[in-house]
């Protein structure tokens, strides 16, 4: 109760200290946060924003692709939103090169000091900030149902070898070793963690950022495919095409031992009254890989001209980066704040681990935001094709390298 | 066969069935059996849809797919209609009904009317090149809508209609023309030419013949065209989400926002209820218009 | 002037539509073809001409081959199943049955439903650990397998069944409207001559429905070309990329992979292929009548 009051107090204090701008404008914002938990987090941002005297005009569009499609069509139609949820890195630069973004340096003077370097670098175009990052979501998390692990009598594995070695014991007790939703966006988390396991951060960089042909055809890659082929036997027959949240149910209800999924899965634990870090163990996987693959939800600032809207835009950027807003937002969303200086109290143990990784400089921006989207897309297509086929690891390596080469 | 003998009074009177009568009853039985099997196939998903919409979330997570709700609740329906949060606005679907109607009704009526006139012109007033025009209309239709979003956006911007209901209506009318034209043209081919020739000799004009002779002959095709266009425009998501703004967004946009998010806990019961609510106007239309699936008046009846 | 209008009244009536179609269909097709020769990423850019490079890239994308093949596989099966069963159902409903309105509505309601949600139901039904398979096992038939959705070789059937469920209502309605448009006298004449009903259907009625077939084939082909929610909601293109279709590929390339050039190239190839099949059919179908 006290903590709740404390939160309320700090939000109010923030509102009081913010001076009302000369212009009060309206910010129309396109985003894809439409579910209950997401909306609760968004409410923190919106309430804080409205207290600056500006108006938030909500324009939710479910699904990242659809939202980006709408944003792009709006820009082409000459009616851009004031701001829109948009990835950092390459997709953001594509937009900036078209002259479709405003810089927000007026309110971003100290952001370089506050943000992890990888986010700062990818949020700027020609040295100026064009987007404001709201949260960080880690992808390569291994979750383990503690009750199942205790029943089998095994600890959380540290490496892929350990995980695969434990599978027989898990199966002997009648559990599914790995809960996996067989859709490419879920499978890539598994594949990326294998790449880290095989060759560490450098290898992951060469494969997913550089799409380096030598790395793609290397013996390490073959080893990665050998491990990946074994994943076929770790999952249950219902895996292909299954949604991530249904798959999460297998883990939460104690039917499966492990699952590899981003930290938004915590929302499902909380809904089922399971505590992350206690009932469901968590680990950045593989342990000691010094790599937390992450994505960040950021709000790109479009090239609006109207002075009032421009002010509303700057106020939005400022609100997003407010430390209280960042903390309260992430507590509800299951993410961690991009600002490194945010107070860690109140975050669950898994979020604490993530914040530690971020502070250590272990963040690794999701390849979609770095690499040519067509190239990394071809890699993902071949990854999922391999998993659902009977191809040998060597065939998988060749097919992937060839498909990626064709996109150059 | 005591059961069968009660089927018709004649059968009871004659005391025993003639072979022909038995065959007729058997045929009838097979007919209804087939219809029931077909109905079960189509209704199966509806059963799951409805039973899920009356369950609580814990029951959905724990229970079987096919079971009836243990503790039926109408809360999902109440939520879907008036309480569900879409983004930060928690008003359910009800606020979007009007937007959908304002967009759909004019778009459907205009596109069906244009299609009927076009189809009539192509089928009954042919001119050199009519075949080519028809083929071009049908063929051009196969352009995928996703790739025309950009030029449509720019065109609407030029016309000053981007983001407006008028713009959406215009787009739906334009992309409805090929389909409705084809539908009517192909139907009107079966309207006897003699009727039209006779009227033309009597000095009747293009539109007189259309409204007085051709349209009255075509209740069922008008029904099909209305059904097709209403379903398509009411349910359209791509144009709706791209060319509307938050205040003019039709229901599909809200429905999609409600049910189609990638992350977060999925409330299947609310989603199912919302689907039925969003489909309700279309379903009512099917039932209302269904009775106009008349056997078209025969040529003789019109000549009267 | 007046006389000109009277003589060319049908052309005059058609001309506004034709002008719109020329711009919004053919103009935009040309526009798409132009984009396909550029290296456009997030936005169309005509200053990045690359010739036919996107087409070369497209033909070297394994996933495109899957999607392209699936269009024929899915499309062929879907057309066959939906047209034949749709016609049969329409004929059954046309037998002056009781509760016609009930049966008609039950076949038609799926097309009113957003597939985003009904797709989830099909996903449940066809999931081997959740749906029909479990149900049949509970009835005692434990060897029963229904793994269409999880098997890359058979997943197309899952799409066909769900698409049939959704699309059959329209086909039935079109055929029913066609059947109701046929002159009653034909049936009277056939009855007088003692011709069995099935022969009247096969030799007289169905040939008379030829224009309806044309409508049905075109509308179903359109739904194949535009099939999107169906795939996304039911399989998300999986397992792997085995149930991908050109429409999904195109959307992915345009909005997820931000490669408008490649997306446009795939649209042009798809359009060209569909027209190569459709135009001869249109030619034959319109020949005798118009």
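By letter and in written order, the chains are A, B and C; residue numbering begins at 1 in each of them.
Heads up, the rule we're going with is that contacts are C-beta pairs under 8 Å (C-beta built on N, C-alpha and C of every residue); 3 or more make two chains touch, one makes a residue touch a chain.
The structure presented is a predicted model; accordingly, all values stated were derived computationally and were not measured.
> What graph shape do the protein chains here make by touch: line, ring, star, complete or other?
Here the contact pattern is complete, since every chain touches every other one.
> Out of every possible chain pairing, name the one holding the most C-beta contact pairs.
Counting C-beta pairs in contact per chain pair, the top pair is B-C.
> I'd like the most central chain, judged by C-alpha centroids against the all-protein C-alpha centroid.
Here the chain at the core of the arrangement is C.
> Per the centroid of Cα atoms for each chain, what is the distance between chain A and chain B, given in Å?
40
> Distance from the CA centroid of chain B to that of chain C, rounded to the nearest Å?
Averaging C-alpha atoms per chain gives centres 15 Å apart.
> Based only on mean CA positions, could you tell me how far chain A sits from chain C in angstrom?
The separation of the two C-alpha centroids amounts to 37 Å.
> Counting only residues that touch at least two other chains, what does the list for chain B look like?
150, 256, 259-260
> Show the residues in chain C shared as contacts by 2 or more other chains, in ascending order.
43, 130, 251, 254-255
> So which stretches of chain A touch two or more other chains?
Residues 66, 69, 72, 76, 243 of chain A touch two or more partner chains.
> If you look only at chain B, which of its residues touch chain A in the complex?
61, 85-89, 149-150, 153-154, 156-157, 162-163, 241-243, 245-246, 253, 256-267
> Given the complex with chain C, which residues does chain A contribute to the contact?
Against chain C, the touching part of chain A is residues 65-66, 68-69, 72, 75-76, 91, 94-95, 98, 182-184, 236-243, 373-374, 377-378, 381-382, 384-389, 399, 403, 406-407.
> Any idea which chain A residues touch chain B in the complex?
28, 31-39, 42-43, 46, 56-64, 66, 69-70, 72-74, 76-79, 243, 245, 249, 264, 267-268, 271
> Give the list of chain C residues in touch with chain A in this complex.
41-43, 57, 60-63, 123, 127-130, 147, 149-152, 155, 234-242, 251-259, 262
> Can you tell me which positions in chain B touch chain C when the two form their complex?
It comes out as residues 31-32, 34-35, 38-39, 41-46, 48-49, 52, 64-66, 114, 117-118, 121-123, 125-127, 130-131, 133-148, 150-152, 155, 174-175, 177-179, 181-183, 186-187, 189-190, 205-206, 218, 220-221, 223-224, 227-228, 231, 235, 237, 252, 255-256, 259-260, 268, 271-272, 274-276, 278-279, 282-283, 286-287, 290-291, 293-296, 298-299.
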